[in-house]
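Two complexes follow with subunit A in common, the first pairing it with subunit B and the second with subunit C.
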Partner chain A sequence: MNILVCLKQILDPEVPARDFRVDAARREAEQGSASLVTNIFCENALETALQLRERAGGAAKITVLSCGRPSAEDSLRKALAMKADAAALVVDESDATPDPLAVARVLAAAIQKLGAFDLIMTGREAGDWGAGQTGGLLAEELGLPCVSFVDTVEVAGGVLRLKRQTDAGWELIEATPPVVVTVTNDEHNVPRIPKVRDVMMSYRQPLTKLTPADLGLSDEARAADGYYEVAELFIPQKETRCDFVAGDTLDEKVDAFARRIVEVTRAL
Partner chain B sequence: MNAAAVNEATREIYWNVTQVWVMYALLVPTALVAGYGVYRHLSRWRRGQPAARFDRPAARVGLLFKHAVAQRRTARDAVAGLFHAFISYGFVVLTVATTVVALDADFGTAIMRGRFYLYFQSLAVDVFGALVMVGVLMAAARRYLRRPRKLVHTDEAALILAAIFVMCLQGFLVEGWRIAATNDPWAAWSPFGNLVARASQSLMGPEAIRVWHAGAWWFHLATSFAFVAWLPYTKMMHVLTAPLNIYAANLAPLGATLKRVDFERTESFGVNTLGGFTWKDLLDLDACTECGRCTAVCPANTVGKELSPRDIILGLRDLMHERPREAFGLVASNGGGVGEVSAAACTTPADKEPTADMEARKPLPIIGAVPATSPVALWQCTTCAACMEACPVFIEQMPKIVDMRRFLVMEEAEFPDSMQEAVMSLERRGHPFSGTQATRMDWAEGLNVRTGADVREAEVLLWVGCGGALVERNQRVTRATAQLLEQAGVSFAVMGREEKCSGDPARRIGNEFLFEQLARENVGNLNKYGVKKVVTACPHCFNTFRNEYPQYGGAFEVFHHSEFLARLVEEGRLKPVPESGKKVTFHDPCYLGRQNGVYDAPRELVQISTRGGAVEMPRSRNNSFCCGGGGGMSFVDEPPDKRVNQERAREAVETGADVLAVGCPFCMTMMEDGVGARKGGRDVKVLDVAELLWEASRPREAGKQNL
Partner chain C sequence: MNDVCIILFGAAGFDKAAQGLAGAGRRLAVELGGSLRAVVVGEGAQALAPEVARVADEVTVADQPGLAEYQPETCLTALAELCGTRRPRAVLLAGDTYSQETAPRLAHRLGGSAAGDCVEVRVAPGGMVRVSRQVYGGKAQAVLELKRSPAVVWLRARSFTPAPARAEAGAVTRAALNVRPDTRARVVERGREESGEARLEEARVIVSGGRGIGGPEPFESELKPLAELLGAQLAASRAACDAGWVPPTWQVGQTGKKVTPELYLAVAITGASQHMAGISEAKTIAAINTDPDAPIFKHCRFGIVEDYRKVVPLLREKLSALMK
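Up next is the complex of A and B:
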């Protein structure tokens, strides 16, 4: 079985609140001294794939793919250290705020170039923008079915059995490959810690580097029919104010208090 | 007696003994058996990895005198030290006496006469022989009546004591019966032999005495030879291995005992086979006398956990002795393969699966091979090094634990989840406190602390450390330290956001690779700013800077803040005015005290700040009891009934102190938790020594009570 896992490198979500800054003009978060990490849901997806391969007695090949800045190579190297078999990076140096549709188009083109895959996995959403769009749009671009919020994948006689989290419980879905799944976290897919030996080896493994141009994608083609735009980006200001309501008697105070509540809620 | 007679005083060698050639004949098998025993030890040690332990011979000989000859560490346990001295010095004297006899008998010398014969060969030998017997009785009484938990109760131990006692007893009988039968004019010089002589003269006839003497002589010879032949196969081998081990000891501070890993050449990171240890590590196993002091002082063991440094050493020793061919991979663990395959040859490149044949001849994995080396036990070590400090023969228990942890972390990625979280945070963010909302400079809010390019201009770098910056309680310590430096007019700066964890937790947890990355990055940054002098409130950073960074190109003059502040007070740059004489007890941080020998500076600060109100805990200075937070253990939840910090907090509170002074951010957390876990009782504050000093030095606000 051929599995492809998409990984996104994001700003460390654990960056302390007071260190977090946004560049309002460029409409994106500033990196500052924070580190770049692999999105946790993408790591859950990779862990799910690794376990699938283990259950299959190793009879599966796992390719990891990322689209991002050159630094995203680190995320791919770490995936190799976790024992993914192959890695590819589409280097995107453009400054534009990433539009999930444009990203999905790049990923789809890369996937078509890399080969035929039975199972394509993404995280359910990324910890930076949290749009949760890329997986579904990728399926659309590839013309494949998509199952979202999956936490367990099993293979049974050429059919994929997928366990999907919903608000009401779980759904068990059988799907014939190829299929795209978006993975959510579960106690069983906590990403493993790579062995140090494998971390060292990961830097000696080949890593395919592509550009959108290699994939025949112009900037225009990627952005066509874009529906998603970041209009403004700011950190909400938290304000605490304390008013004392006046009144001579208790009744007056309660009255003034109620009026004040109405005023404040109307203003919001 | 006249002087001429005294000069001729001696005794006849081999009196009443015929067929002396039998003795020489027996020497051959004795030497062969003993020699083979020693050879077997040597050949096992040689299977270890190289280690440079023969440099600086003068220092090593000094150590040998202090700890093998003078037995300074053995003597720390008064009773055991005393009887060990009786037995060991007694043996030395008896061996010299036997050598004198051999020289006169076989090499034609005439040493054994005159005053030397009377004072040494008769009186001293008699007294020391008696002391050996007293020593053996004391040892037996301790072992079998008091039964200390730290001892290992084996038949071998009983047999050794019995053998020594019987040999000495025979010696006195042989001597006594010779004196009785020959009417030795110098009998008075052998008081105990003379006692035997007098007693036998009244009980036995002259002929019986002669017969019994001859029998006892041969029996004495047989038991002594047997003992010598048996010696290399028992823990008595320590008469040879202990001095050798002391000579080859680590001469650096205890904080500098961890080995580096050569990531380019090493086939297996960390140690999971006996052959992965150095020859010195293997010698350690044979130097052990089973005295159990290491386990008795081990904080984890004291609170009832599985970890026992003694049993790690003995467990590995038994593997080496009982299953050497499997342990060193000379034969398949399942008995299938033959021939020698080294550990290195068995490790195949990652892209090739090991062949079945190689798999079969892999040396026996040692982790989990005996209960003492189970991962559960290995993950309980706080790397406090109390075991190493307690060991009379300088065995290095803690580095072996770290070696095995390295294997678990770097080769297997198998370690406690909470430690994984700390390691992952170290990798990603350069600090081990996953989930903290604090930033590196929060502590400095409102202070005018220089950072960035100013580091180059400053005379001193204040290395804050992750604990000092990111743990709220410790931010107050960092603040106090900075304010004291400010008050003393010290030109200092901090690295701020360019600071990363020193790497200590990564190294002690066993991720040497991550440690090296952090070390290189920090040293690179510090050198970029030309840093020369570093002050830090964290003993773990202090130890890493002092003992480990030099190997990564970091040559800094490093001070613990207590040392630096004490010096500022001495120089009159700080003028503390203590208000009250509170009772304060100081808890030595392992990485400052025991591992680096800094005991006095923090105590000076305590004395200054409290007008002499310091009280000591029963376990202090080099015997200090760990707070429980070292070796990555502060990131692990201990079982509620087995917490090292509570044991230490209890000890501190029982001194009656109002304040428990600490000098380490990890100790601060562990001790606050430990003191806080008590229900009811007195209110005991936990304060860093810098906070104490700042309380006594800060500008006073009118009417405001300090502390």
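Up next is the complex of A and C:
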């Protein structure tokens, strides 16, 4: 089983709203004091892959791939510390505008160069621009089927059994490899925390570095075939004034709270 | 072509999302000066068609045996064929699981650009389709200009007002399609895991619990009776779902359900932007939280700073008395 997991490094989505700023003119988020982290759904995907390998008694190879600024190497190192087997980074400095199709094309070209994979995993969406498109577009670029919102992967007799979340519940999908899946969170794929020692060791492991040019992709072609552009980026202002219910005792406060609830629901 | 095509899944019926989708489609079609066409796919499509025909100019029913039950690859291929032949300027879908997974791939097959979870779709002066959507976990709002045609957009459909009925119903036709099942990936089993009888998305009152609830038992022993009393649906934050206390279908937020209740009662939920992204359209938000500085209170009409374990039992008593 040859598995590839796509990892995106993003601005820490947990940064509190009060510390979050955008540069409206450049239509970009300001990094400020926020750190760069691996998108959580990519880590859910990696965790799912690691568990699959464990269940297979180690008979699987996991490669992690990222496309981004040189700093994305940290996300890949962390993945190695979580015990991915190999890592590759496509250094791409040109990400002024987030363009899911351009990213999918880079990833597809890199995947074709790196080898033949049975299972290609992405996160369901990235916590920054939240496009939720890269997995699907990647599948199209590679001519593969795609299953979204997967939280569990099992292999039985060469067939992949994928459990995925839907609005109403779940679906069990059987797929013949190779296939692309996008992974969502669930109680079983909460990413493991790598050991400090493994984090240190990961910096000694090999890491393949590529450029779009190595993959035969040019900036001109990309610029000529844009997918979408950010026309505006702003922080909406919408604060509500909260009435904290008053009272000297718990009973009085809860009573006031109950009355407010009844006020709202009575009309329904 | 300046037409707009909306895609509906028959099984869902003409619910609030389908109505909002049709409304958004009609307004965009008017802006573009084109007509509104609907493709209704899968089981229930034939039954849904007359209702859709009341607001659309033309309805195509695609309910061939191979499409009756949703199968990702087969359905995508059929939709690409149905949309592609007519070269619409825009293809709109709702925000359900199937629409979300279909949109980017459909855009790719049609040579277009996709965008998701949009709360506004309009035509910019240069003729480009522009959409608004939340980004950065709901902390910012972006307007995107879709460069390729068609614009394939899935909507936060319940945020759009329904389409007015037409004087004359649109024509309903059955799609002439040769459906070849694609078995590379196929659904072999389905299960339901809803929190109540009605869908969370359609709920008018929601009681939602977060990590501060502390475990699965209080959801059952404290929140469930409270919800029953209020005729509410139960929901949860991602943290409570990830802990395995409640099913993932209960998750509300950026990557969970987008809900539009009259009252959303958040119990022991911080109010992270990603959670708030799912309730931006709730009419009234109220919260129970021990931390007066919890961000949730910035979005609340009213709140109580107390331990929910003390509040909820008493609240049930008071509500029972008041609602008598």
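One rule holds for everything that comes next: the second predicted complex is superposed on the first by the 233 of 268 C-alpha atoms of A that agree within 3 Å, B and C clash if a C-alpha of one lies under 4 Å from a C-alpha of the other, contacts with A are read in each partner's own complex, and residues count from 1 in each chain.
Going forward, contacts are C-beta pairs under 8 Å (C-beta built on N, C-alpha and C of every residue); 3 or more make two chains touch, one makes a residue touch a chain.
Every value quoted in this text rests on a predicted model; they were computed, and no experiment measured them.
Asker: Once the structures are superposed on A, label A:Asp12 by its partner contacts, choosing first (subunit B), second (subunit C), both or neither.
Answerer: first
Asker: I'd like to know which partner A:Asp151 touches here: subunit B for first, subunit C for second, both or neither.
Answerer: Once the two structures are laid over each other on A, A:Asp151 reaches subunit C alone.
Asker: Check the residue A:Pro194 against both partner chains and state whether it touches subunit B (first), subunit C (second), both, or neither.
Answerer: A:Pro194: touches subunit B, not subunit C.
Asker: Tell me which partner touches more residues of subunit A in the superposed arrangement, subunit B or subunit C.
Answerer: Answer, by number of touched residues of subunit A: C.
Asker: Based on the superposed arrangement, let me know which partner A:Gly216 touches: subunit B (first), subunit C (second), both, or neither?
Answerer: In the superposition, A:Gly216 touches no partner, neither subunit B nor subunit C.
Asker: Tell me the contact category for A:Gly58 with respect to subunit B and subunit C: first, second, both or neither.
Answerer: In the superposed model, A:Gly58 contacts neither subunit B nor subunit C.
Asker: Between subunit B (first) and subunit C (second), which does A:Tyr227 come into contact with in this model arrangement: first, second, both, or neither?
Answerer: After superposing on A, A:Tyr227 lies in contact with subunit C but is clear of subunit B.
Asker: Is A:Phe257 touching the first partner subunit B, the second partner subunit C, both, or neither of them?
Answerer: After superposition on chain A, A:Phe257 lies in contact with subunit C alone.
Asker: If you stack the two complexes on chain A, which partner ends up touching A:Val37: first (subunit B), second (subunit C), both, or neither?
Answerer: So A:Val37 only meets subunit B here.
Asker: Residue overlap on subunit A between the subunit B contact set and the subunit C contact set?
Answerer: On subunit A, the overlap between the subunit B and subunit C contacts is residues 14, 16-17.
Asker: Taking the complex as given, what residues does subunit A use to touch subunit C?
Answerer: 11, 13-14, 16-17, 20, 22, 27, 29, 41, 100-101, 124-125, 127-133, 136-137, 139-141, 144-149, 151, 162, 165-176, 179, 182, 184-188, 190, 226-236, 238-240, 242-245, 250-251, 253-255, 257-262, 264-265, 267-268
Asker: Applying the document's contact rule, which stretches of subunit A touch subunit B when the two form their complex?
Answerer: On the subunit A side, the touching residues are 12, 14, 16-19, 33-35, 37, 192-201.
Asker: Taking the touch rule as given, give the residues of subunit C at its contact with subunit A in the complex, in rising order.
Answerer: 72-73, 96-98, 100-101, 103-105, 108-109, 113-117, 124, 130, 133-137, 139-148, 182-194, 199, 201, 204-205, 230-231, 238, 241-244, 247-249, 254-255, 257, 262-263, 265, 272-274, 283-288, 292, 295, 297-306, 310-311, 314-315, 318-319, 322-323
Asker: Residue numbers of subunit B touching subunit A in their complex, please.
Answerer: 263, 269, 350, 409-413, 415, 420, 423-425, 428-430, 434-439, 442, 497, 511-514
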